[in-house]
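Dropping the structure in here first, questions after.
To keep things simple, chains are lettered A, B, C, D, E and F as they appear, and every chain counts its residues starting from 1.
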Amino acid sequence: MTIGHSTPSPAKSRIANSMGKARILMEALPYIKAFRGKTVVIKHGGSTMDDPELQSSFAGDVTLLAMVGIRPVIVHGGGPQISQEMKRAGIVPEFVDGLRVTGPETVAVVQRVLAGDINPKLVGMLNAHGSAAVGLTGLDGGMLSAQTLVPKLGLVGEVTRVDTTLLDDLLEAAMVPVIAPLAAGPGGETLNLNADTAAAALAIALNAQKLIYLTDIEGVRRSEEDAATLISKMSQAELGELLARGEIGGGMRPKLESCRAALAGGVAQAHILDGRMQHALLLEIFTPEGIGTMVTP
Amino acid sequence: MTIGHSTPSPAKSRIANSMGKARILMEALPYIKAFRGKTVVIKHGGSTMDDPELQSSFAGDVTLLAMVGIRPVIVHGGGPQISQEMKRAGIVPEFVDGLRVTGPETVAVVQRVLAGDINPKLVGMLNAHGSAAVGLTGLDGGMLSAQTLVPKLGLVGEVTRVDTTLLDDLLEAAMVPVIAPLAAGPGGETLNLNADTAAAALAIALNAQKLIYLTDIEGVRRSEEDAATLISKMSQAELGELLARGEIGGGMRPKLESCRAALAGGVAQAHILDGRMQHALLLEIFTPEGIGTMVTP
Amino acid sequence: MTIGHSTPSPAKSRIANSMGKARILMEALPYIKAFRGKTVVIKHGGSTMDDPELQSSFAGDVTLLAMVGIRPVIVHGGGPQISQEMKRAGIVPEFVDGLRVTGPETVAVVQRVLAGDINPKLVGMLNAHGSAAVGLTGLDGGMLSAQTLVPKLGLVGEVTRVDTTLLDDLLEAAMVPVIAPLAAGPGGETLNLNADTAAAALAIALNAQKLIYLTDIEGVRRSEEDAATLISKMSQAELGELLARGEIGGGMRPKLESCRAALAGGVAQAHILDGRMQHALLLEIFTPEGIGTMVTP
Amino acid sequence: MTIGHSTPSPAKSRIANSMGKARILMEALPYIKAFRGKTVVIKHGGSTMDDPELQSSFAGDVTLLAMVGIRPVIVHGGGPQISQEMKRAGIVPEFVDGLRVTGPETVAVVQRVLAGDINPKLVGMLNAHGSAAVGLTGLDGGMLSAQTLVPKLGLVGEVTRVDTTLLDDLLEAAMVPVIAPLAAGPGGETLNLNADTAAAALAIALNAQKLIYLTDIEGVRRSEEDAATLISKMSQAELGELLARGEIGGGMRPKLESCRAALAGGVAQAHILDGRMQHALLLEIFTPEGIGTMVTP
Amino acid sequence: MTIGHSTPSPAKSRIANSMGKARILMEALPYIKAFRGKTVVIKHGGSTMDDPELQSSFAGDVTLLAMVGIRPVIVHGGGPQISQEMKRAGIVPEFVDGLRVTGPETVAVVQRVLAGDINPKLVGMLNAHGSAAVGLTGLDGGMLSAQTLVPKLGLVGEVTRVDTTLLDDLLEAAMVPVIAPLAAGPGGETLNLNADTAAAALAIALNAQKLIYLTDIEGVRRSEEDAATLISKMSQAELGELLARGEIGGGMRPKLESCRAALAGGVAQAHILDGRMQHALLLEIFTPEGIGTMVTP
Amino acid sequence: MTIGHSTPSPAKSRIANSMGKARILMEALPYIKAFRGKTVVIKHGGSTMDDPELQSSFAGDVTLLAMVGIRPVIVHGGGPQISQEMKRAGIVPEFVDGLRVTGPETVAVVQRVLAGDINPKLVGMLNAHGSAAVGLTGLDGGMLSAQTLVPKLGLVGEVTRVDTTLLDDLLEAAMVPVIAPLAAGPGGETLNLNADTAAAALAIALNAQKLIYLTDIEGVRRSEEDAATLISKMSQAELGELLARGEIGGGMRPKLESCRAALAGGVAQAHILDGRMQHALLLEIFTPEGIGTMVTP
């Protein structure tokens, strides 16, 4: 250290640091202004649900959304955990015309995993971060009514009616609903729903601003093998063409079909986000650098 | 009256029948008047939970209560089903000083059975009868906070705080809360609660008119072996004496301790009813012939 | 007591009796569910108003309706009592073209009997049964405006406007309005209304679920002399044909004309019930065996 | 018209006239400010009720009070009309220890005159002036409960409970309650009340700002024969002394006793006004020259 | 006048006087009934703003309106005071094509005079008379948005959007908004508005019953020089013709154009009143002798 | 750096950057949770009011507070601008016993600068950042009543009453009140208030969570010349001792006296912040590194 030259004093660097913080907080202002009072339906699922750090980051993000006046509604799946539990329960898969038959025993396992494992775990985590989360299934308050999709497949449902009375009450009270995708069938029996389509149905019925799918992929690619073809933003029309071309497959296809349905039903923005990235939700909603793929009308 | 005089015509007997119906409905009037707008906490449990006919009778009773403006809150246990599931899961019981240690694995089983099996089943049954039931655990909306009862026993909790915000909202909206007795521990971990004491804590916090235990016994007997010593009604003082004499044991003792606590906490009436009798709830609440045992201050 | 045969033990018969009670209460459930929150306009009149037992049965029925959340509105007439009082007052009937002229003196008698005798008596009886009844005339709160029906007949009115502000307030507060069929004429003078048509006008304005005429006849008969031709249920179209055939006469004709008007004005169900039967209201509304005649669109 | 002198031009006199009007309206400002939102209980009665011009002036005054946001509550008597009707009905007075026995027949006459004649007439007149008046008796909505004053005198009541639910609802909706002084006895029977004491009981229960007796006398005189001893204003203490001296008799004594009770019960101002003077109410409330006698704590 | 005939006693003359007062108050009743709950936008301006007596009369009138439940909204100008202040500040007028250029310095003076002098003075005066006045500019709560009228003239705006949220809140709370005619430009800069057109824009947005211009002229004359041609009342059509004839000039023309715009925008009545006359507002609104000129659709 | 090892890809650094942003947003969570729904009174003043960049940073901070549900209330002074304007207006200072006499002419200048210059400028700036700011003086809605502090000094006031009706309404509607420190004197005349004490009076009346003084100094120093003696946090008791020692002088003394008064009046936290630092408010409220000096009870 030579005369006349000082290393940056701690005070100065502290101020520079503070200014940086302030700048980032101010950057969030227009997003808070745009989205407060709006409902955001978030489908949370996939392999990321088993990573405690990602779970904690997710719980923090949702809590922050709720705290600034945005209305998050969480819908969760549980595919891997259900498969594991079915194996453990020794349920032998049965098929008709190549499709899995879902009998009462299977639905009981699904319900036990969704409502008995995943849902309370999510609620506990959200509340530990400061939310007032409330765990629900689509049966509660008559929220989701469904009919069997294909009779011979058994207890797999498609939504026929959404009653938002209970959700409206909870959102008005600033609580965070966490919903397991089960529905009441015509005779009151429990039906299993696809979580992606359930999320879209709820987003439409709640007149949501955003429907967000947290997945274990970076976003939608024009060409599946080429990471460089990641689509950052597309219109409803472009989504239609993409689906028509038939190149999208796997788990992404039903998600994109649900996005299309949601937009057609009045949802303003649909997103495919990479749930493996910490704070993906926060960054998407509160910073200018949107991440993943956004579809708008 | 001479020979050839006809038997009562169907019309007359139909009228007599109708008058009987009307009389019974009118008989309910003073009870509806007395209890509408009041909260009634009902602990539902025991072996009766496996009898479909009794379940249906229970669901009908609760729905009728809700329909005439009474506010039922259901708390359920699940002892037998939990034991069975633990066995199935191959969890080996561990004891310290003769008491069962409840580790995280056990709590996970408890949660899965209560929140994943029994709770949605009750909700589905109530809704099929016309209620707007909402399944909850004590974790939801921060409803039940607890601390571990005896540290070395693990994750068994005793209630330290009841937040009725969520329940108040649901009751105001004429919904029927169905609550699994789980609570959030100091660190956000799930604790298992005794359903009887959880029901009493909720009854006190909700300023309930009645706390009702649906059990698989006729009521409280002065002498346990003698059915003729069934107590139909007793005062808080008499209950105190009965407990002091130390003759009451088994599962009845904690129920009566909870009754005592509830009355001390401001609940107006505590009941031990025979859940094996169809429509026990309805008959207790809406007819002059009270059944089971009632304790009042 | 002989082998193999026991007389029913008191306990058993008591239980059988209780089960009977419970079954009847449960039978009412779907009706309570269907009608709670709905408005039911009940025209109460005729000779049955002088029978204390029938009055008490009526007051009990209305109170039970109000207690389970149905909104009863009572409209009463007072023909016989008015005739008697006019005689006592020595008013000599005057006729123009064969129709009775209703002068100011007559209206004063009508008002005195309706508002001063019958109305407070009904209110007192309802309140003694536990209702919060409020006695009104169509003048109160500007509820009923009318014009003279035929100028030369004097102060007989036909309703031109119904203002439900006052009734809406009372119903919202769970009170039971009891209305004497008087209205304010164009110059503020009191006009006498036909109670049957006033009830229909109120039912339409209140968007009532049901309009019920309690009369001193069993119901509508296809052929007036033949009790076996009692019509249990008919459609609006059938009612139109019946009236067109011109066979219905006497007091029944204006009631049925009012039913037709009410259905045309949006009321869902119109009933002619036998007010001489105790608890006719209760049985019609809460049991599957509808009584009297029901007309639906 | 001579040179140099002009008669006031019409324009000028019109302006002078207008300024006079404006001055009088402005004079009312502080009184409107002081009393809006406050309840004023007005006992209307006596011989002035038969004078159509005075009735119309009264109805106009009450309507103006209601229009500027003051909450008038009218209680009316009907002594002279009742006496006349009893005579007409040929009821022979019966006495016990020199006091009139009031049997069921007499109460029926009282009810018919109050609820059937005077009350609807007042309501009609008020509504014709633009009020939304609602005629009630103390039976309505369980407003006034009473017990018999002296058992052997029969159905004369003294107020034991005032339920203001109905009145609060009506006042909140800017309606003008007009109340006949009848009450429900312990068994639900109708009891006749003294209108002066009923007005005081209502003023206390409604936490009224003013209790006003409209009588057929100028006000309270220190010495009954000497018009020059009219008391314009006195304190509660002075009223106590005046009553203690025992010189006040006749109909004025019970009015002053009621004033004393009302002030003791929290009413801010009690007035004896001359109902024979047109617009007495208006002048008392809206102008600086208070008229009649005012008593304040 | 003969012997034995007394001069009118003071009491009699006092009563005559009182009756006169009562008559004038009663005369106001139909106007209060017609206008309570309605919004009245009053443009206050011109030379009368400097006369303390007229200011006090204005403040009293507005307060009385507010007290009886009418909703006054005051818009004020400040032309003379602004000119005077600009002179004092030594701002040299600049013209383009003969029109005054309004630069930032001028707007600062306008703002200082309107918001810093006239507005708080009016608020203080109104509050001293008993109003709850709140001083605002069109910037507050985003009430008035504007664009520059003619770009080269600088910061003179025309209203593009009115947000009544703030005004609705204040009127609901019975407060009296006092508004200086400033607006926010597209870039957030302050724009100066013509007070007459601002008042009309506010009257339309508030769905006002009346728009009143208090000016220093008697009213609108058919022929400007002839006082005898004062128009007391005209229709929207007649106003259109009058403006089309092109004879109306000076400051009256923009006022009448604003009246036309207001009526076209749904305002029910527009008035030109003589603000030099004390209590002009009161007399116009509360007495049958309307003053000035009224235009109605 | 060896072959085969890539330099960090832009994507990675972008992710690192994003994580940093997310961390800072998450850091704000506990503060938002703690302060939402709470009122924060901010005294804005001093030389920083003339720096456009600092003004913009201030406007952004306040807007962000409002957006996340905190309730900011701004009180501003205007010392330097007032002095400048008085000079310009040529007002010759007058003194009595060495203290400045504040005559009506001076108050007019104060009002013009505060209400006509500074207040609308702040409102405009806040609204341009997205707030719904409303400019007020203490006269509006009768918010601040005062009496003259020392009669011979003229129109300088001390607050005697705070009416928060208007502020409560605006805060409930999520608007941001911006208040110039003027009050109504006993006779309705405008009195000038010290902005620091006005802010404290408002903070007490509003039951504020925080009272923040934005000054042009870093914070409170134990020894005024020694920057190293900056006090970061002290208790109410320590503040008392500091003031008692008498070493604090200049403009800081009245601020600290106001802090002491505010804490005594129930305000939870009082702050002296350096308004020369950009986003001082944001950093103080939303980050763990509190800045300036905080005093707590």
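By definition in this document, a contact is a pair of C-beta atoms (placed from the backbone, for glycine too) under 8 Å apart; a residue touches a chain by one contact, two chains touch by 3 or more.
Everything numeric here is computed off the predicted structure, so don't read it as measured data.
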Given chain C and chain E, the chains that contact each of them: D
Chains touching both chain A and chain E: F
Chain at maximum distance from chain F, centres defined as averaged CA atoms: C
Same or different residue numbers at the chain E/chain F copy interface, by half rule: same
Remotest chain, chain A as reference, centres from CA atoms: D
For chain A paired with chain F, centre-to-centre distance based on mean C-alpha positions, whole Å: 42
Rounded Å distance between chain B and chain D, as computed from the means of their C-alpha atoms: 56
For chain A paired with chain D, centre-to-centre distance based on mean C-alpha positions, whole Å: 68
Contact graph of the chains (line, ring, star, complete, other): ring
Cyclic chain order - from chain B, heading first toward chain C: B, C, D, E, F, A
Partner chain C, residues of chain B touching it in the complex: 14-15, 18-22, 24-30, 32-33, 36, 57, 60-61, 63-64, 67-69, 129-130, 277-279, 282-283, 286-287, 289, 291
Chain F to chain E touching residues, read off their complex: 108, 111-117, 119-120, 123-125, 127-128, 132-137, 139-142, 165-166, 169-170, 173, 175, 182, 184, 187-190
